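In what follows, chain A forms one complex with chain B and a second complex with chain C.
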Partner chain A sequence: MDFEQTWAILASAFTQIHEKQASKLSFEELYRNAYKIVLKKKGDELYLRVAEFERDWLSSEIERRIHKELPPQLMNALQGRSSAGSVGDDQVRTQGERFLRQLKLAWEDHQTCMSMLTDVLMYMDRVYCADTRRPSIFTTAMSLFRDCILRSHVRGDDSWPDICGTLNHVILDQIRMERDGDFIDKHLIKANVYMLEGLYDSHHEVEEEKLYLTSFEYEFLASSAEFYRALGDRLLKESDAGQYCRETRKRIDEENDRCRSTLLESTTPKIQKVVEDELIRYRMKDLIESESGVRFMITNERHDDLALVFDLEARVDPRKPELTKALQKIILEMGTNLNDAAQLGAAAEAPEDRAKAPADKLVNQQTVAALKWVEDVLELKDKFDAMWKQSFQSDQTIHTAIMRSSAEFINSHPRCAEYMSLFIDDNMKKGIKGKTELEIEALLNKAIVLLRYVQEKDVFELYYKKHLGKRLLMGRSLSIDVEKQMIFRMKMELGNNFTAKLEGMFKDMTLSEELTAGYKGYVARLGDADPRRIDLAINVLTSMTWPVETTNSAPDDARESRLKTIYPPAMERIRQGFENYYKEKYSGRMLDWKGNMGTVDVKVTFPKVPSKGFKERRHELNVSTYAMLILLLFNDLPSGASLSLEEIQARTNIPTNELVRNLQSLAVAPKTRILLKEPMSKDVKDTDKFFFNEGFMGKFHKVKIGIVSAGNRIENDRERVETEKKNNDSRGYAIEAAVVRIMKQRKELSHQQLVTETITQLNSQFKPDVNMIKKRIESLIEREYLERIEDSPSSSYRYLA
Partner chain B sequence: MASVRQSAAGLICATFQPIAVIVGPPTATRTFYLYFELATTHSAFLASATKEEWLPEGRVVRIPSRDPELFAYFAGFLMTGKILTIKSGSKSTDENEEEWDLLARLWVLGDFLLSTSFKDAVVDALISKVADGVSVPTELHELIYGNTAGVCGMRRLIVDLAVFAWPKGTMGEKAFNEASAGFFRDVAVRQAVMSEEEKTEGFVLESNSCKYHGHGEGSCYKGMCGSAMI
Partner chain C sequence: MASAPTSRKQGFVGADRGSSLYESGELTDFTIECGKHSMRVHKAVLGAQSEHFRVLCGQKFKEGCEGKVVLKSTEDDDADEACDDPEAIKLMVNFLYYEDYKAEQILTKFHYTQTLRMTGSGSSTQYKVIKSKAKPGIFRNLRGRPKALPTVFGPPRPSDGNMVVHARVFAVATKYSIPALQTLACSKFAAAVAVNWDHPHFAEATHIVYNTTVGSVRQLRDIVCDTIRDHKDLLDVPVIESVIKANKDFSHELLRLAYELPATAKEGSGEGDTEDEDMEDRELLSMVGGVSESDSDSN
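Up next, the complex of A and B:
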């Protein structure tokens, strides 16, 4: 066999294959010739000849065809070397497409031809290449395409990029056109992308060496970053934040589509990151803080836009730091505004009206402001809750952020605990009237949610006890059932400790009902009913369970509180009777009568007043126990006689402030003027004289005479100081208890650790003040519960058993 | 014996289509009808030769350079999975010797057709014939070394037979020429790398191993599904 002869046969066939005239060729003949060459150990030479043949073919014929499609205008335009506008976009685009088409054609032809050559040279590949570990002839031919075509320079000019670089430019240019809204031939680009994906940068045929990655993708990502940076700038300047978000979403989707249809899907995550970086990550802060940003969206209830902002930031960071920050800031601001408004509402009319308006009216206004504050807080919370569900996909991070900033502004209001208790009080007395069970349920839930925010739970408990006490004793609650539900919810939320005393109050009420009924039965069994008998309904309150201010009318001076109220004989009899009955049931208990809390129905006969043409009138007056005592004094008085305040006080021993208040409701309040006062003024002075008003004219048979400031309302300053003092005292005890508990268990502990543990223990009730803890520790040392450990590097304590 | 029950994947054979393969010089051609799927699975040559770009006019493959007598064994192998070289009833020494030569030629045909499974089956047929214990092939080296281009299973097999199984003195009788030079070199190398175990215990031809097969990591023809070897 002559090698040259045989090779000549093969070479001529290969030329025909490249020229697409292979139909006459016999596969068996060509294969047999290559087979024979390999059997004759000329595989090496054959391999080299084929490679040489391919190199020649590519760098003469194919290179020429491709370079022809790269006219100077196109090259200049791609390089940005042409003067602006000299070559229209359309022309560049057409020329670019022709180049892409030619390259695609060359690549596809090359593959088809090489596939046929590989068939012919199969024996060489299987035997010679396998033995000598050479790459298959197909692989070598593919690298030749890379070297001879893609790495060739147009017209041999090195100052121009090679074909591969030019290809990048053309593709990127087409993508730019598409991004600007043009239509491009995606399949054409995809074919060229496949070519880049099929070729490697070097002999190492590993994933990372693919030309698509090493040559194209990097440039694509870099130019995209540049494009989106500019777009971001422009959008921030020209569009509002909502549009920005929508545009960003659209762009991300577009890039995804582009990877699918035009490039490779493996690029999707990378280009997404570029768009996310440029349009979201680096811009989120500016976007959120822009004029039409999150604040604007919240104010104008742009829920869809907010959802977009959320969605976008969630893409780049699951913690959504910018959105969370902005939300917190906005909530805090809105909350602080509410706080300021509440304080303003409470104080606004004070200066100018103080002279005229009575202090009570001011307090009422403040109470209204307090209730409004709570309602506003709820409304704010509802607003953000709705937003959270609608726009933020009920996201946990956002939820925490909303919770935190809500808690922050709520607790920054010094009287939040009192206001919240007042809010519940108001609802229990009026708010739930006519509401369905579901509505009440929602209300209770809201109250509990608010309570969750309040840090000083102990203060809240104090107020709640006080308000609840008044509601129960004065029968002001619309539904005891709802009250109990509320307590049950608090128990679920805050635990048994918190509600134990509140439940005790309910128990007292139930027991009192039973006592009253029992007493009635007891009296009935004593003998015939006395027509003049006075009905008694009694509430027996456990002194530690009920708040002191409910049971002690006023903490006036000690002298007054020691004096015992003088009851008229008829009343005294009943009092004794009940006391006896009670002592029989519960021996060893002290009953302390609270005249300021009770009410009495009295039947009063007003005589004829012929001068005014009044007939005799009977009215049933519902008055406080003290008012009843005052009125009874006038029973024994001749018509027209008067009593001074001092006289009344001397004969009843009613504490001064209670007396003044009762006299105000009996003699000053315009509709319930049972007494007349001389001189007629609003204030009550020691020397004022009181007469029975025989000319009282009531519209109804029953008249209720309320006591001024009996309802639950905001505390005045004096009361607050007192509440605070009381609360501080109870906090002091709580701190001491906690310190002793901790030390008893740990025996020795450093100061810092002790303080930290104490704070942790008490956190569910209130946030203890560190100074207060220090003082309590000092006090415990003085009382020898603890001692300082001498020679300890940091100050430490030891528990003394 | 393989079980009569086999995988349902074998049902694919019900859809096979035939192609015509015309073998032999124009004066003495013989036409074989092979199933396309079988032929292209077992021969890379036929797989390429039946591609559309090489067969513009239809399903007729021409192999004028090969002997139709030999090709018949390949066709038979495709249908049965067996090497059908035992002549019935003949016990003559001549025919026995002829079969060695036939098997070697079949292996070369398999090499030309790039049919690993056929080559491996022929190797196994040769080994089983050695195992019969009637004779040992001693004349195959020139044919094999002249018609192969590198290391392969058949070369290794005949070298091992020469080193371990040839009767004493046979080696010395063989002529040394261009065609047999490679063979003697391989024999020398084989002797040089012989293991201690082989030196003391001799050489055992394992009929059930893939030692002289060419499939490498790919599947052995024996594991291919059913007698039709899909």
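Up next, the complex of A and C:
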């Protein structure tokens, strides 16, 4: 066999294949000849000849064709892109496209031809290449394309980038045009991208060595980063935050589309990261804090924009640090504003009006302000909750942030616990009137949610007890059912401990009803049916369960309160009667009568006053027990006679402050002036004289005479000091109890540990003050519950059983 | 090998309808001519089983467009070893349709040396002898590459004893890349050699084996080498001697076997080889590519 002769046949056929005239070639002949060469052990030579043939073809014919499409103008434009601007942009673009087209054509031709050559050389590939572990001739030919075409320099000039570099430039240039809103030939670029993907940087055919990765993608990402950095700058300056977000979204989508249609999908995550870095990660802070940022969006209820901000930041960081930070700041600010407004509202008009407006009015104003504060807080919360659902996809991190900031500003209001209780009180008395079950449900939920925020649960409990007590005793609750529901919810939220006493109050009320009925039966059985007998309804309150304040009078009256209130004989009889009945039922219990908390219906006949044309009028007055005692004094008095305050007190033993209050409501309040006072003024003094007002006119048969400041309202300063003191006391007990519990279990503990554990234990009730804990420990040591461990390095204690 | 091959065995559908598509020549779209044979065939049947015919029947080259190939026959040009034996081509086409082919029966009548005759006559006895004389692992991995080792020593089967035809069919199968036919021809060849190793045809078969395949295609060469090693007397047969002398590969392989080495030295199964091969690749590439510097010089 003559190799040269056989090869000549093949070589001429290969030339025809490259010239696209293969259909005239006989595959049988070519295959047979190639087969023969390999069979004759010239596979090695054949392989080399084919490679050489391809190299010659590529570096002469194909290289020439490609280089022809790279006129100096295009090369210059590509190089000087940054400074040249868009002069002759269209021409450069056309030239670039022609270059791409030529390269695409060359690549596709090369592939087609090589696949035909591979067909012809099938036997060589299968037998010779496999045996000697040569890369297939196709692979070798592809490497040749890379070396001869992509790595060649235009006109042999090394100062220009090689074809591969030029290709990158042209593609990037086209992408830049598309980013600027132009239309480009995506398929053309994609074809070239496929070429880069099909070639490797070296003869190692591994993924990382793909030319697309080593040559193009890197530059693409770098130039994109630059582009988006500039875009970010411009957008921040020129657009508002909403637009910025929309633009960013659009850009991200565009890049995704570009990867799909023009580049490779494997680039998608990488370019996304670039856009996210440049437009989101590095800009989020500026964006959120910008004038049209999150604050603006919240103020103007731009829910869609907020959702965009959220969406964008969530892309780069699941914790969304900037958005959460901004939200927290804004909530805190808005909350602080509410707090300030509440304080301002409470203090408003106070200085100038103090003279004419009674203290009560001021207090009422403050109560209104307190209720408004709670309403505002709820509104704020609703606003952010709605936002959370609508814009922030109910995200957990955001929720925590909102919760935390809300708790912070709510607790920064010193009287939040009292306000909350007042709010519930107000709703129990008025708010729920005419509301559907669902609405009430929602309201209760709101109350509970707010309660969740309050740190000083013990203070809240104190106020709630006080307010609830008054509601129950004065029958002011619109629905005991709703009251109980509220308690139930608190129980779910805060546990049994918290509601035990509150539930006790309800139990007392039920028991009292039974007692009242029982007593009625008891009296009826006694038989002496006295038509003038006084009906008695009684509430027996367990002393520890009910708020101390309601059952005891103020401390400065302590001395007086020890004096027994003097009841007129008719009353005294009934009192005795009930006490006997009660002792029969529950032996060993003490009853303490609280005149300041009861009410009495009194029938009064006002005489004819002919001089003024008044007829005789009968009224039924609903007054407090004390007021009843006062009024009864006037029964025995001749018309026109008067009693001084001192006289009244001496004859009734009513504590001074209660007496003053009752006299105010009887003699000062304009609509219920059953008594007349001399001199007529708003304040009640010791020397004032009181007359029965024979000329009283009431519009209705029944007249309710409220006791001044009997309703639940905001506390005045004195009361507050008192409440605080009481609260501190109860906290002291709670701390001591906790300390003892801990020490009993641990026997010995360092000071630091003890304090920490105590705080942990009590955290659900309130935040204990460290100094208070110290004092309590001292006191426990004094009382020999604990002792100091003498030779311990850090101060420690031991439990004494 | 469930239902699909069945229809092929029956000659491309047909079966109970009488003639198959191959026999009736219906729907054929291609003609294979070789020597005196001209066969109407279906491109799909050929292309499905052979990469070579897939290209040949495709539209890229003249044959596909014209629907006809003329395979250069040994009858046309005796000197060209790349030509095909018309009979082997016919058997190949049969195989493509029936998954089997039948060669003419060569009976064991004539023998070079009576001394070599083993006891008994008939194929099954012969088969036994070979088996007992053959060391276990004769076809074992001496060649390293388990390239479709024939399952010669399966259950004894009657052999046509036609070593020459099977060698030719194997050559065709290798040339036209029909792996299934390679395997079949190989096993038929092995069975035939087992029966007729002392037949004069063995020399011709040996000649064909060493001239129609390259050294890396081991299947038949191994059978031949092992047979000679197991029957050293064959070396004394003049025809065989001349075949051996005429072929350097053959001599070399036998020499290595005599020294109890694998028939071929170069076996790329070891992992340590990779680096060497890598280097070779690089050398070759630089030879091929000439590297771009020299390129630009020439420009």
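Basically, the second predicted complex is superposed on the first by the 792 of 801 C-alpha atoms of A that agree within 3 Å, B and C clash if a C-alpha of one lies under 4 Å from a C-alpha of the other, contacts with A are read in each partner's own complex, and residues count from 1 in each chain.
Heads up, the rule we're going with is that a contact is a pair of C-beta atoms (placed from the backbone, for glycine too) under 8 Å apart; a residue touches a chain by one contact, two chains touch by 3 or more.
As the structure is a prediction and not an experimental result, all values here were calculated from the model.
Trainee: Touching A:697, do we find chain B (first), chain C (second), both, or neither?
Mentor: It touches nothing on chain B or chain C.
Trainee: Is A:151 touching the first partner chain B, the second partner chain C, both, or neither of them?
Mentor: second
Trainee: Please indicate which partner A:55 is in contact with in the superposed arrangement: first for chain B, second for chain C, both, or neither.
Mentor: After superposing on A, A:55 lies in contact with chain C but is clear of chain B.
Trainee: Once the structures are superposed on A, label A:28 by its partner contacts, choosing first (chain B), second (chain C), both or neither.
Mentor: both
Trainee: Report, in rising order, the residues of chain A that make contact with chain B in one complex and with chain C in the other.
Mentor: Of chain A, residues 22-23, 25-29, 31-32, 35, 38-39, 41, 43, 116, 119, 122-123, 126-128, 130-131 contact chain B in one complex and chain C in the other.
Trainee: With touch defined as at the start, can you tell me which chain C residues reach chain A in the complex?
Mentor: So the residues of chain C in touch with chain A come to 51-52, 55-56, 59-65, 69-72, 80-83, 175, 177, 211-217, 268, 277, 280-282, 284-285, 287-292, 295-296, 299.
Trainee: Contact residues on chain A for chain C in the complex?
Mentor: Chain A reaches chain C through residues 1, 22-33, 35-36, 38-41, 43, 47-48, 51-52, 55, 59, 116, 119, 122-123, 126-128, 130-135, 140, 143-144, 147-148, 151-153, 156, 203.
Trainee: Could you pull out which chain A residues touch chain B in their complex?
Mentor: Spelled out, the residues of chain A in touch with chain B are 22-23, 25-29, 31-32, 35, 38-39, 41, 43, 112, 115-116, 119, 122-123, 126-128, 130-131.
Trainee: Over in the complex, which chain B residues touch chain A? Could you list them?
Mentor: 44-45, 48-49, 51, 53-56, 61-65, 112, 114, 147-151
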